[in-house]
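To keep things simple, chains are lettered A, B, C and D as they appear, and every chain counts its residues starting from 1.
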Amino acid sequence: MESTITINSGRDRLMTEFQRVRQFSESLCLPLRADDFQIQSIVQTSPPKWHIAHVSWFFEAFVLPHFNPGYRPFHPRFDYIFNSYYYTHGMMHPRPRRGLLSRPTVDEVYRYRAHVDEQMMQLMETIDEKVWSELAFRVILGLNHEEQHQELLLMDVKHNFWSNPLKPAYRDDLQTASGNTRAIRWVEQAGGVHRIGHGDVEDFAYDNETPRHDLLLSDFRLADRLVTNGEYRAFMEDGGYEDPALWLSGGWALLQREAWRHPLYWEQEEGEWLQFTLGGLSPLNPHEPVCHLSYYEADAYARWSGKRLPLEGELEVVLSQQPLSGNFVDRDQLHPAPAGEMGQWFGDLWTWSASPYAAYPGFKPLGGSMGEYNGKFMSNQMVLKGGCCATPAGHTRASYRNFFYPDERWAFTGLRLAEDA
Amino acid sequence: MESTITINSGRDRLMTEFQRVRQFSESLCLPLRADDFQIQSIVQTSPPKWHIAHVSWFFEAFVLPHFNPGYRPFHPRFDYIFNSYYYTHGMMHPRPRRGLLSRPTVDEVYRYRAHVDEQMMQLMETIDEKVWSELAFRVILGLNHEEQHQELLLMDVKHNFWSNPLKPAYRDDLQTASGNTRAIRWVEQAGGVHRIGHGDVEDFAYDNETPRHDLLLSDFRLADRLVTNGEYRAFMEDGGYEDPALWLSGGWALLQREAWRHPLYWEQEEGEWLQFTLGGLSPLNPHEPVCHLSYYEADAYARWSGKRLPLEGELEVVLSQQPLSGNFVDRDQLHPAPAGEMGQWFGDLWTWSASPYAAYPGFKPLGGSMGEYNGKFMSNQMVLKGGCCATPAGHTRASYRNFFYPDERWAFTGLRLAEDA
Amino acid sequence: MESTITINSGRDRLMTEFQRVRQFSESLCLPLRADDFQIQSIVQTSPPKWHIAHVSWFFEAFVLPHFNPGYRPFHPRFDYIFNSYYYTHGMMHPRPRRGLLSRPTVDEVYRYRAHVDEQMMQLMETIDEKVWSELAFRVILGLNHEEQHQELLLMDVKHNFWSNPLKPAYRDDLQTASGNTRAIRWVEQAGGVHRIGHGDVEDFAYDNETPRHDLLLSDFRLADRLVTNGEYRAFMEDGGYEDPALWLSGGWALLQREAWRHPLYWEQEEGEWLQFTLGGLSPLNPHEPVCHLSYYEADAYARWSGKRLPLEGELEVVLSQQPLSGNFVDRDQLHPAPAGEMGQWFGDLWTWSASPYAAYPGFKPLGGSMGEYNGKFMSNQMVLKGGCCATPAGHTRASYRNFFYPDERWAFTGLRLAEDA
Amino acid sequence: MESTITINSGRDRLMTEFQRVRQFSESLCLPLRADDFQIQSIVQTSPPKWHIAHVSWFFEAFVLPHFNPGYRPFHPRFDYIFNSYYYTHGMMHPRPRRGLLSRPTVDEVYRYRAHVDEQMMQLMETIDEKVWSELAFRVILGLNHEEQHQELLLMDVKHNFWSNPLKPAYRDDLQTASGNTRAIRWVEQAGGVHRIGHGDVEDFAYDNETPRHDLLLSDFRLADRLVTNGEYRAFMEDGGYEDPALWLSGGWALLQREAWRHPLYWEQEEGEWLQFTLGGLSPLNPHEPVCHLSYYEADAYARWSGKRLPLEGELEVVLSQQPLSGNFVDRDQLHPAPAGEMGQWFGDLWTWSASPYAAYPGFKPLGGSMGEYNGKFMSNQMVLKGGCCATPAGHTRASYRNFFYPDERWAFTGLRLAEDA
């Protein structure tokens, strides 16, 4: 991956990047049939059609009319249909009903995309230099937003397909990594005051990563790889799902109600464990990282193992010392791989931290409706770090703060252990 | 319409009828885009794709293997996916999740249809004469079953499209009938013992229409046409939706909970009433029959008007004296039309009766899984009579017993008044 | 039992009857502790405190102010708190929240009762002869209303106590009837036009029992006793709860959802069946009638046995030929007893009929808010006949129409078979 | 308040304290009628009867059998009925059904209390000195547990009574504090490393307050009093409940769904604001602290005011510099009072912090089932500090960590502002 785009990268570079990101969204949809574009299996997932329209809507809502007040939207109702949750921007179609929108059709949505692309390219080409940096900022924000949805699209397609009794594969040409996973090595880190959060003013970061600030940590150790399927199976076989002492109260109630006995996407057939992947059902590989865990499961495993989940700050401190590479979407595996000799840091799976998602000291959200983004979710969610096999390379970083509710499992989530040193 | 098909109609006639009915299902889908085939807006509706697959499954489940024990189904999982509610036949995909089946795709479902058609035609051509009448019976049952789903498909598409904020039209070439509706004329009928139910052993009828039996009625009068939009608006404007004295207890609770203030598909825009139709939103015509009423609304209107809803037997006695013609699907209006000079009997809208759907004296359901059909719904539903603008001509008759739950409104339902003579 | 009270019974007789019925309500509450008066275990049950206040409210709402316009209610908010469902009378406390009313206390409610009693006695003593019959009518209606709640109070206390893990007994001095049950004898009845419904203008009956009218029946046979626990256990052991072919669609869905495998109040302990009664848990007696069945279970049993449930009219015709006596509340068993040599007709258990609860031809509800009573429940319920072991003797009769929803089981309901002759 | 009890306080002192705490629970119940002991208005509240039994169960579960293995419980089923959420201890009656337990009666529960008291007093008197400190620890834990339930009992009674349309008062002899509230003064605190958490090994503290550890804070200012009703009304009148920009996403969804427009217990009557208190409905005093706010409302107010909610650590640092006195339950106001000249620190209302409830670095829960207490709730809740007008004096302290879900309002919760210095 070349160096990250910034507001100083220049017009050509940004326009190229715009086209690259936009085209990648469409390339992710190539394996889909028209029928697949429509599905919303649970309220958390969105139909692929909605994703690729919504990311275009972002430019129609926050970029095109901002610089061209006379801009007329492609369709008068798309602002209602494709707004996700920007209440300060306007009313929206209810989230649980996204799967009911057979119109606009996939074809129309692609025409919508083409229209937005054309308008955006023209705007970037012709905009006055005085407002260029403001435009560049919003375009970069829009592209990062689109990359988030690329990742979500893959997670959502996986859940949508899994919800079908036919268990179809999204792709049947995916390569699976092999190899054994060696024992965990523990990376030790001295405590004291560490500096975390995003500080470089030029590189893009979300508002929730700022401001850069001091954080006091104790000495700790971090596992250099994720917990594997094989290790997790030992937890299961030791009665992990039957012992209330291992579980947070909310997790235990959920487990009882939903009869959880294994991670999402696992199933047993004639004594063998299978796992649903974007390549369809396949035998469970004990060397791969265990994935699609809720926070509750990750936390219970950690308690069972006598360790704990890492704090967000612990993860960030160690991640910032590692090269920003790993099993991202460009490796085209779309599944976590066994850790290599060098350990496993970025990519593969978003790692649950033990830290609730909350504001950094001095946090200020972006102004206007664009600020109705990260700040308003700062309750009841947990921070995750590191990116996953569906994350676009270059999209994540050590300071990146992803967040999910502790009961959610459809995302590419995994588990790394920590302990006090 | 030519005379009805029977088990004595002969091979050629039945094969022609088979092709006609099967093709009509597909012609109803011509206005649909691939996207539209997927939608299930409420648990009562099914995606068009599911409908056209399920009616094919009926032949795979109850006809082909019955006469050819070695028959191998087109796909091993379709029996699970496309079984509707035949628990005695086997397990099935849960109804509320029919809209999540992006696979099989529409294309695959059409291949499934073609395969079943081919197998069925071959079977009808080659079957031994000794079992012909048994085959003919099952084929005719399957075709009647398919016609029911043709009607449902239109009702369901209407609700699916209405659920979309874009309010798309299924067709934009539909003709709307015009003309004023004259005052109701009251058809008087002497009471006494009447004979109702299906009696002719040769003509097809569902098991629930049998046996033919005596029914004691009092003298009564029946309105010769349906209640109109204009008349219903008078009820609304008189506070019909605000007066608990007019409503059954279940209706009043529902009305409060759902804030009902008008029939489904009505909406007010700048003081004008509009109505959603299969041709899209259009101004409300006061001369058309009011449609998409629940039983509770029909019953409340009747009480408000000082009349009552007719009994099932009253409707059957009068309908059996009328020609079996009317605004059925072959008129291609797909919307109820104002009553003509001769009144309005069959077609237009299924008329709510005041009679709960229950077994006739001596009722015996069909044997085997095919009998898991009409009998098991004999609780909590009300009988409707007469067919509607989406019913295939020739599918209904005076003895036909349709049934819906009293809170349902997505069907083409209407309201005819009665009174004691 | 002495002869029924009528509007011509005279002041003394009515005043005596008023006191008798009112005192009986209180005597039913003698075994209750203050704590018990408060419980509402499910939305269908009401706390005993609410019952005994509500039946007093009836006189405050429909009698006292009607004859004495200056009447000031005992408490200004009791009209809101103790109105059950008379929307045309005024707003009311929501039914599911009746168990939250710790105030008024039991003591206050008893003072309320005493106040109403005093006012009513004074009114009956002093009312002008000209309006006597109107007053008498309303008093008799109010007393019948109170008797219905006496029956409900026992059913509700039973469910409330059963909901407590301590499984307390309402009474520990109840006598249990013993004896074997002999084989069913079938009472044959010729079909033809029968006259049913309440006809005697003087005797009290509810509006829903009128008008008396002709009904056409076929020849039929009725079992002379109820189905027993032993017979029902054979159905269970034959897989009755596992075979969808035996169940109405709504029943099968309910059974799956709630994991029904036996009647309400049965439980198994170390291989033995126990049954919860108003006297606490006791071993199941196979000779007693099976009780606390839903309509769905009664219907499934009948189908399994090769018989059917009787029609309402069939029950009425046969009941009207039987003496109006049986195991009513005055026998103080509060539990159904094995059938004797003479069979089993009135009392013991309300018998499910196969007839949905609907209006008789020409039915007119009572005028005013008092008419918001029986008529508005005429959808989705089934008729039951005969009274039960909690019914006050003299309260029921052959024409009496009780009604419950087909999924309800907390009432004293049972099952009698019928067949075509 | 005299000095706190510790494990070194000696037998006499502990036995006196035991009696004092146990008697106070009963004195809180003196204003209750038997009827009131039964109510559970929402799943979060418990009936008073359950509270006073459950706190006795604690001694039966964790103290008496631990030191006397032959101890036989008062009733074999009370362990099931009065266990709250100790899954590792055993199964329990479902929380939402606590209001259905009319038995044991209030009288029996008082006998249960007397029995436990007697057994405990005897145990404390006779226990071997070698295990005294272990006993003392468990007794002190049990008494602190009981004090928590004393506070909850008052909160729950308030909600229970408010749920009654009669809006009864728990007490009608409560004194209301008067006086004006002056402008906020801002207490400034230098940042840097502060030491928080409970450190003194002898004084009682809950496990979740430990270990004492360093925390890095920035310079900040804390309001010296709570936000008042008058100030909160300005937020409401400025459209606070209508502006999505002010609300966390979860709060906005809740507000829309529940139509929140003011704090719990406020109501408007003829233009005047009233507030429900333990003394009944009374006019809203603008000088009193606003109470019964959810976290979402507190957070929205803070955002609207341009300030923020304080961090848990900020509150602890400042509270630890204040005298541990305030409007606690012993003042017998049972309602928050206007701040005095010296500001308002402990008592009155539990103050929402902006800190999610999570484990302190190195946190270890208590061993055994007693440890299934604070640790398992460490997800989705927010920390509150300072105690309230229902908290027993001496029960809280600067390091005390209370926690509630962000949507909960029935507790005595309030709001203190903070800002960066």
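Everything below uses one rule, namely that a contact is a pair of C-beta atoms (placed from the backbone, for glycine too) under 8 Å apart; a residue touches a chain by one contact, two chains touch by 3 or more.
Predicted, not measured: the structure shown is a model, and the values here were computed from it.
Among the remaining chains, B is positioned farthest from chain D, on the basis of C-alpha centroids. If each chain is reduced to the centroid of its CA atoms, chain A and chain C end up 59 Å from each other.
Centroids built from CA atoms put chain C at 38 Å from chain B. In chain A, there is no position where the chain touches two or more neighbouring chains simultaneously. The full set of touching chain pairs reads A-B, A-D, B-C, C-D. Contacts from chain D toward chain C in the complex involve residues 33-39, 41, 49, 77, 80-81, 93, 97, 99-107, 160-161, 163-166, 168. By the touch criterion stated above, chain D contacts chain A in their complex at residues 85, 87-88, 193, 213-216, 218, 244-245, 247-252, 295-296, 299, 354-356, 358-359, 361-362, 372, 376-380, 382, 406, 420.
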